[in-house]
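Shown next, in structure tokens, is the structure this report addresses.
Lettered A, B and C in written order, each chain numbered from 1.
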């Protein structure tokens, strides 16, 4: 079952990379395209991987979180604002500003996680509605503050868009990074590398530690956990907050690692795609990562195809539009949600408020 | 024998119900003390208080003579109390070891020490004769074994006091024997047991002392050798119970329902009904006896169109109804009192009046040309509320406001008030008070008198014995035997339910 | 039966008072939620160094202060009503349609296409009596299809409609962006934006006043709200939708084809959202322009929840939201508070309506006995 899933994932990724190779081979050698596609795939999968890990923590503890999108968006904004504030007003220098930006983003995510926990665990609000509230709240607050802080007369930056401190630098990994051609795959930025480490850590925590055992128990059968003295509410609160912190890191990716700017609605549905990745990954960290890579490859397809737009033969003109190629991840998500690639099994108490 | 546990004057009030009213209870070392009472008598509430799940409004609790206060199960576990709940508190996707260590995890270098706990489990199961495999997943092992896991779970926590809440409800008679053997083994090694049940025979067989509860109060304590079944029954119910329903001899006519070699899979895709053949005739009650989980649920779901069968035939009134959806079957004369009344039988948020037309809302006089006729629906509701004595402030309040017994009456009223040739009643009296049980039994017998074919599925052997004309015994998805109620005995049926006559 | 006559009177003592009480109870919490959100929103404004009282005064003036303001409020409210009804209907059927935005956008595109392209294709003008229904119908059909797909996927495969409707939103937005920048782009050499040509006159709903933008669409929206109410509570189909929504297991037991009902509910819901787009094209803008929808589909979720998933509640919620959006411009003009603050207040309203436990907690109101099921998690 699991092998079938991973084979399928590998297959889609190969097809997506193959498309770019076929289109671009007359200008760039296939090897370079493949390496570049893989590097881009890993990088753009980052927010999806992190978002899916958010989902894993929340849902393994029994709380559905469709507010990941909003958590990312708000964190992206506040992280960006923090970095600029440090850089422009406090004159801290680019790198320290970025680091503080990341910390602020992570805290923002954690606070929204706390809000989601209050809504879904304490007030027992329908969890999907609760997530929607967070999504709309994030859109409203980030849009409002973005205008208020940056574009209004008399705002702290004097109505001028200040200079952003740039993005987090690429890290050079010794040995792996030194391999010719292929080495670029490992030249990644810090949040991307952190995401991969978090996948491993989450797997370890979930399946090998007391915390993980209790988290899963609370998500499968909260009453059973309660009867052996585990505080269900506390476990759910903490896991949802941890999830929020991770979503905050994902938010930081958008404005501090990917591009040095903030756009309203810039997360563009990736929080929801991350959820689909989590479901397709069967609520497991490695499965989620693999699924996130599929979507990463789909986005990499869109990005890399831009360069070879004129090379697309005229009878395929439809695919010259980046809007058309941009549909691929969404269509893939829907295909995966139908379960044609194998049914998955949600934690038994996922989405059900616990009543003592 | 020393008293190791004492409860004094425990009172617990829930909205609208006084669940425990100044209850006194005590337990001596190494004894089996049975707590006997009907559903809703307050036994489970009392035990949940003892296990720290509820806080009593008043009353005291003493362990070895010292007063204790329990705020959570953790506190109860700490003073050596362990509980095996009626619905097992096991996580299906965890292994036996993981389930046992949950909450009391052992660590080795900050990692779960699965091997260490596994060894400890093996040790405990040896010591008390509780055979379990620590490595298997709970969802893969039979119910009887799951119960042993629950017991080991308490022993792993060094429980000296074991609360068993209705432990025999889901067991075959053989498994019950096995459980009793384990219970004796445990008491011989110094464990004390509180045995909660509503089954008189079991109490007389295993208990050292019996305390009877009724309507939240303790009505008395007895010793098995000095009492008998009818005396205990009277204490339990508060009056002499008529154990037998009065009825005329059956006058069965033509076959209404024929089931031929029917095969049905369960939710997990495993074959739950493995080729059953029987028929139900007009004017008779066919009872299906069997321990829960032997395919009865799947059988009924297949007959009523809620689940696809994988083989065989269902014929209702001469028409082949195999794998039809519910509506054509209902239109061909089926009435169905479902097993899970809140899940299948009612829309709790709807007013009583709407639930009374749930199956025929689209037919005149209730629905004409796709428009609902509220006048007819209201009239129907007033009539049925009166005829079936449904206790509700008005037919227009949400059905969720009604008591369990009255909710069941809403279903019964709806199902019996339309033209019916076949009535399938699955666990029709589970969890109801005695008054409602008697009422529903009378209604079922009435339908038989009117020439309706009745298929009664019940886990209560007494209910089957007193209502059914013929009894089909189900075991592991097969019908082991079909017998005349007059020509059989309870013990014979019990053996068959355990699969003893599978060759017959 | 003759004996039961006096009893009837006892059971329904003064139906009028009962209804007033019911409506009062139903309105209390949403009203308090709005007030609470306004208070918190006021704090946000104060935090941004604005004067909340002046801001709200400007908001009110901009929404209701003049005939023109009133007219503009109805213009804003019209798509909100349709989209709010779409979401509310789906909620009643136990489905969460987050896809109103995409259904609306596609409805608008389809309407615009039939509106300007069909006469070109036929080489002749089409009489309004035929062209207008075709144009509106095309928008409804497109929305219906876009809603039906996630409905069908849910019924057939159990795929959760929340994820799928969101995905359909993004697909629709990409598709519309492609069409408006490509094949359907207004060929006028002066045109630089992504929009279609004007629809032909036969496909236009005539204006009512030359001075005000108030249009027939608002009146149609009120009629449709009544129709949705009638459908839900007076027809057998409505009974089936509500049963499948409230307890699908009981629905199946009672012989209702729950799968079919799910597809139908999502189709109707998508159709209503598509109608919102069609009306914007045929009654107001006479063309489709990229990004004309200011998140109507998402606000519709808050509107439906604010209206407790009741069609009339959705109308009230839609007018409130329309008034806020409309008044915000005046507020910004008078107080320099950005219009975006309205999004914050609206999100807060949703927060307090959805988490009515918080409002009940703040104002110490007793909870109702039965919580209504709105949506379900992934577990099937």
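As a working rule, a residue touches a chain if its C-beta (ideal position, glycine included) is under 8 Å from a C-beta of that chain, and two chains touch if they have at least 3 such contacts.
Since we're looking at a predicted model, the values are computed, not measured.
Visitor: With contacts defined as at the top, give the pair, A-B or A-C, that has more of them.
Guide: Looking at A-B and A-C side by side, A-C shows more C-beta contacts.
Visitor: Among the chains, which has its CA centre at the largest distance from subunit A's?
Guide: Measuring from the centre of subunit A, the most distant chain centre belongs to B.
Visitor: Find the geometric centre of each of subunit A and subunit B from their Cα atoms only, then give the gap between the two centres in Å, rounded to an integer.
Guide: Each chain reduced to its C-alpha mean, subunit A and subunit B end up 46 Å apart.
Visitor: How many angstrom lie between the centres of subunit A and subunit C, each centre taken as the mean Cα position?
Guide: 30
Visitor: Hey, what residues on subunit A touch two or more of the other chains?
Guide: 348
Visitor: Would you tell me which residues of subunit A are touching subunit C in their complex?
Guide: Residues 59, 64, 66, 119, 123-130, 132-133, 136-137, 139-141, 143-144, 146-148, 152-153, 268-269, 272-273, 275-276, 279, 321, 323-324, 326-327, 330-331, 333-334, 337-340, 346, 348, 350-352 of subunit A touch subunit C in their complex.
Visitor: What does subunit A use to touch subunit B in their complex?
Guide: 208-210, 213-214, 216-217, 220-221, 223-230, 348, 356
Visitor: Using the touch rule from the top, collect the residues of subunit B that touch subunit A in their complex.
Guide: Subunit B reaches subunit A through residues 51, 53, 72-74, 77, 83, 85, 89-94, 98, 101-105, 107, 110-112, 153.
Visitor: Which bits of subunit C are touching subunit B when the two form their complex?
Guide: Counting only subunit C, the residues touching subunit B are 4, 7-8, 11-12, 233-239, 243, 246-247, 249-257, 369-370, 372-373.
Visitor: So in the complex, which bits of subunit C are touching subunit A?
Guide: Going through subunit C, the ones touching subunit A are 44, 48, 96, 98, 153, 156-160, 162-164, 166-171, 174-175, 177-178, 181-182, 295, 298, 301-302, 305, 336, 338, 340-341, 343-348, 350-351, 354-355, 357-358, 361, 374-379.
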